[in-house]
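Letters A, B, C and D mark the chains in the order given here, with residues in each chain numbered from 1 onward.
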Amino acid sequence: MIIILKSDATAAQRDQLIAHIEQLGLKAHLSEGTFRTILGVIGDESLISADQLRATPGVSDVVPVLPSYKLASREAHPQPSIVDVKGAKFGGGHISFIAGPCAVEDHSRMQAIAAAVKAAGAHVFRGGAYKPRTSPYSFQGMGLEGLKVLRAVGDEFDMPVVSEVTDPRHLDQLVEHVDMLQVGARNMQNFALLAEVGRTSTPVLMKRGMSATLTDLLMCAEYVLAHGNPNVVLCERGIKSFDTATRNLFDVAAVPAIHELSHLPIIVDPSHATGRPDLIPPCALAGIAAGADGVHIEVHDCPAEARSDGPQALLPEQYAELAEAMRSMATLVKKQFPEHEKEI
Amino acid sequence: MIIILKSDATAAQRDQLIAHIEQLGLKAHLSEGTFRTILGVIGDESLISADQLRATPGVSDVVPVLPSYKLASREAHPQPSIVDVKGAKFGGGHISFIAGPCAVEDHSRMQAIAAAVKAAGAHVFRGGAYKPRTSPYSFQGMGLEGLKVLRAVGDEFDMPVVSEVTDPRHLDQLVEHVDMLQVGARNMQNFALLAEVGRTSTPVLMKRGMSATLTDLLMCAEYVLAHGNPNVVLCERGIKSFDTATRNLFDVAAVPAIHELSHLPIIVDPSHATGRPDLIPPCALAGIAAGADGVHIEVHDCPAEARSDGPQALLPEQYAELAEAMRSMATLVKKQFPEHEKEI
Amino acid sequence: MIIILKSDATAAQRDQLIAHIEQLGLKAHLSEGTFRTILGVIGDESLISADQLRATPGVSDVVPVLPSYKLASREAHPQPSIVDVKGAKFGGGHISFIAGPCAVEDHSRMQAIAAAVKAAGAHVFRGGAYKPRTSPYSFQGMGLEGLKVLRAVGDEFDMPVVSEVTDPRHLDQLVEHVDMLQVGARNMQNFALLAEVGRTSTPVLMKRGMSATLTDLLMCAEYVLAHGNPNVVLCERGIKSFDTATRNLFDVAAVPAIHELSHLPIIVDPSHATGRPDLIPPCALAGIAAGADGVHIEVHDCPAEARSDGPQALLPEQYAELAEAMRSMATLVKKQFPEHEKEI
Amino acid sequence: MIIILKSDATAAQRDQLIAHIEQLGLKAHLSEGTFRTILGVIGDESLISADQLRATPGVSDVVPVLPSYKLASREAHPQPSIVDVKGAKFGGGHISFIAGPCAVEDHSRMQAIAAAVKAAGAHVFRGGAYKPRTSPYSFQGMGLEGLKVLRAVGDEFDMPVVSEVTDPRHLDQLVEHVDMLQVGARNMQNFALLAEVGRTSTPVLMKRGMSATLTDLLMCAEYVLAHGNPNVVLCERGIKSFDTATRNLFDVAAVPAIHELSHLPIIVDPSHATGRPDLIPPCALAGIAAGADGVHIEVHDCPAEARSDGPQALLPEQYAELAEAMRSMATLVKKQFPEHEKEI
């Protein structure tokens, strides 16, 4: 950590700072510049609060040298983590595809969609039972009933299932019925929820918040890791921007940037990132080209009847075509598909 | 609602849309342009899903004419709402000041700060007992113990108190101990929490999310209103921007813009908006000049020892000076202070 | 064009609007909704000013139905345009690679870099002679002398050359020495410059401004087209965002989105988009996967000595490796390389 | 300047860096941390290129300690600058109001508007003769003819005049006819133009670019100052944001933030910042409350007939009412009006 003093900081302020640093068992390294004085803090940065230093008289700025996340960092864990969701692997050269409707709907529709995406080569089946809708008047999901449908259809088609958790009080239900817990973009900084999710051992799909920096995202993963659950898969799903040509702005560079900062796998969700079916295929391929460890896509057999987010869903036949292109792309960038596929 | 058809939409697609609209008991008004065909939907827009229409073959775009929030809208409720927090009034020409430390700390420190802000003219005392911190390693708040301290100090100084709720499981505790529930920026779209808060009758201070549009903010207020709680005070506290000169970007125009869209009061929080003590006074005054119904400011008697967000806190003496300027400004723009002040 | 009236618009205001529309030779199509009245304007939208309508009493909003760019639109020109820069083709299935240093430097260094990028498979050689630097104290480019060096080295290695124009007074020089004129991101809305560039017939590389929407970008292309120069290649080079993890935010979805809106080719510039050498290769590949018609990359043989933007340059050996991967990627998405390559 | 080495930097890389720094006549101060090595550069930072250092092997990051602008900085010039435009003073406690139509129109309309804004208390009359329009098909301004009208009307009403310069080739015309040169937001980083403007001695009104940070803005002012013209007035006119509720986002905190970083005056332009007449008055007042040294507002006597930007113009009677409120507000924050007003 580097502390830059104000140009008018007094010698007394400087000495008080040094004393404070040394009291904490750290060393202060003084560097008197021509225009400014700088203090380097030597030792374990986590013992000292940058916030408190910034509020200390005489301090102009504090520059942390190490990231504030530890367990999520590449430095702490140089090898990439591989998260295994009942055979569907993410990370470390493995790629898996998640597909399904935005919201769980009735059993027969779920069967039809699952059959289609399974045939197309998807590995994990998705569907929301508790839906975080921007309007209180929109369909809020089927709740527990939906989780049961999802579980039944997943079992029928031998696919692991993922569904979103929005409330710590639902966690037991979710853990009982699904193989992967999704933390949605709007709840990425719902720290009470993150702590609870971290107390389970169920793999977590953590979506990046719409205004989250990569550091924000990794700090939220850190919450889950710090509470004991190491199975976190990150997901880039578009961030806010001034251009409304697409619903959100798909930050494809987040994929290699996260791979450099962290050992955790990161997948892409071009459905939410773009909100436009025509842009989903090129963005899905771009994500894989950039190194994504998986692709999450919404598929519905009749978007105009979908109870949530219909306009951004691909039709099963569109998904099948895209999945084939994604497999070629993944092969080009040397990704490995789930084991059992070899038998197909 | 206006439906714009694609330039290559077929007559069959057009007729199917009209039939769909009429089935819902609405009327479709056809307008064949030189380049595009447009359908006006006449009747209650809420009967029809814009999302489903956008996913319908032949549709290029859907333009809603009415806002998607109803209870929060100015059209539904032309007179400004006045939210009364035990005598501190917000809205309809009334202005109140909220002040206190970021986090509740020990009893004697809380007493000292409360005494100072009360003397300076603050009306509501604040302090977080459950803190949503970006790092799992940071101080997470004193919890129930903190709520008790806050309540006791509020009672001692005869000030209503406000504290943040971050988890639906804490709501009973909060409602028992505080006079106003804060929903923080990071939980603005935690819809499970909003629904629960809406089931109480405790006034709510709803902070704008860091990437929330004004429509997003009003939709979240709508959640609380729709669940039965009409006592919502909105709060502009800065949004994300590309410029890191300030922590967030203080959107002062949100104040008059919200006043036009909604009857709900809106206050400003220059502490979080700027993150810099030197910018808090000018931004507080700007907020009042723009019509804010209140000002929320963090005050701490020793920022370098604060357990959370010290660098952005004002010292008691800085707050006293600012409060005086805020009172002159509020008088200039013809705001009314809480009744009991007249007796002081 | 659709005009939405205010809920309190009078019949007189409505009739005056209709009269105004009909005076211009257009038809007004009235649609009285339950809550709002809507006027559809039928005929050539360009005859009427949306701005003036918005300022007209009784008008709540104006929704244009057609894009404001015409010559650049896909509707006006359904087939993709192919821009040919002395054999290097962009668009319509053709892909070309542009490479070279940020700024033109001395002759021998330029020869060394040109030799390297040519060997790696680049088609167009780049170098700035007039540099738009954010600091007046930074190296501002070699000017005319630099253009001469660039031309000589281009001729020596049989590569067309591209360089940036920043001032209408330099245009004659530029046109004389280069095969493609770059309009930089900071000058994208320098309309005086765009008009002059439009009066030449030299192909133009138009970089997207840092806060330009896709509509803004196409309107700037429209300036060049409307002044008579049809040879415009667009370039996505990153836009401003709240996350400083990368210098700018690489908007890869702009590639397919532009392809839908316009017939003009669009290439990607991962060097400026990310500002980090480690992110350039994955983003270059992502751009091609998303359908880019070319890739622009900065290459320098000694970044630590570069007179401008060294840190974001690839070394020649890094570029060679990337170029090979880009060729495989381009082949996978069925792009065609410049003709003469077949002879190599 | 602080150089942070990579965790795997070698001793040889470190020594080479130190040698490089010392060759430039600077001193390197080594600080070996537990996890990272840091080098402090002692001496004149401007002798060394941060960009080149960042591209040097072994370097992880470079943190400049001093701002890159010098002449514009508060450190270089602790007293606020006062820019005098023929008696209308900006800065150092002085406030002036600029008003007029977006574009210069015919003589009689200009007379009517000038008479109205003069009567309301405006000090400087504005009007664009060269208009940077986003569409090549929109009215581009009256050119030289417009400058003559502006000059004549300014003289008639004894008001200094300001008009925008968009092309270095027009500068002689502009300097001859106007008292203040406006550099528009879209040309803020048109460095060729800035250099030319810097070679004149005419006061400059420099508008902040739509995606310019405060540092970007001050670097552009630095261009003008470095070329010899010290008379720069900055202008906050809204920046890009994800919320389209207002045309741009009015960054009122920029006013006090600039006052801290620089001695240059800064005014606000709520017309462009919000694009909505109803939001102009509250934002104008907020700007003054935050310390603005002037207010720029567009006024037109018939917005529905304006040849440019009609919808955002105030009517003369609206301006008169606002001007009165602005005067009260300026008095409250202890600003001083131009001298000659005392005689009124």
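Quick note on the criterion: a contact is a pair of C-beta atoms (placed from the backbone, for glycine too) under 8 Å apart; a residue touches a chain by one contact, two chains touch by 3 or more.
What you see is a predicted model, and the numbers here were worked out from it, not measured in a lab.
Chain centres here are C-alpha means, and the one lying farthest from subunit B is C. Of the two chain pairs examined here, A-C and B-C, it is A-C that is joined by more C-beta pairs in contact. Between the CA-based centres of subunit A and subunit C the separation comes to 32 Å, rounded to the whole angstrom.
Remark: subunit C and subunit D have CA centroids separated by 27 Å (rounded to whole angstrom). Rounded to whole angstrom units, the spacing between the C-alpha centres of subunit B and subunit C is 40.
Counting only residues that touch two or more partner chains, subunit C has 211, 239-242, 244. On the subunit D side of its complex with subunit B, the touching residues are 211, 213-215, 239-246, 249-257, 260, 273-274, 278-279, 282-283, 285-291, 328-329, 332-333. Within the complex, the subunit A residues that touch subunit B are 46, 51-57, 68-69, 130, 132-137, 166-169, 186-187, 189-192, 195, 209-211, 216, 219, 222-223, 226-227, 239-240, 303-306, 308-311, 313. Interface residues of subunit A facing subunit D in the complex, by the touch rule stated above, are 2, 4, 7, 29, 31-36, 38, 40-44, 63, 65-66, 75, 240-242, 244.
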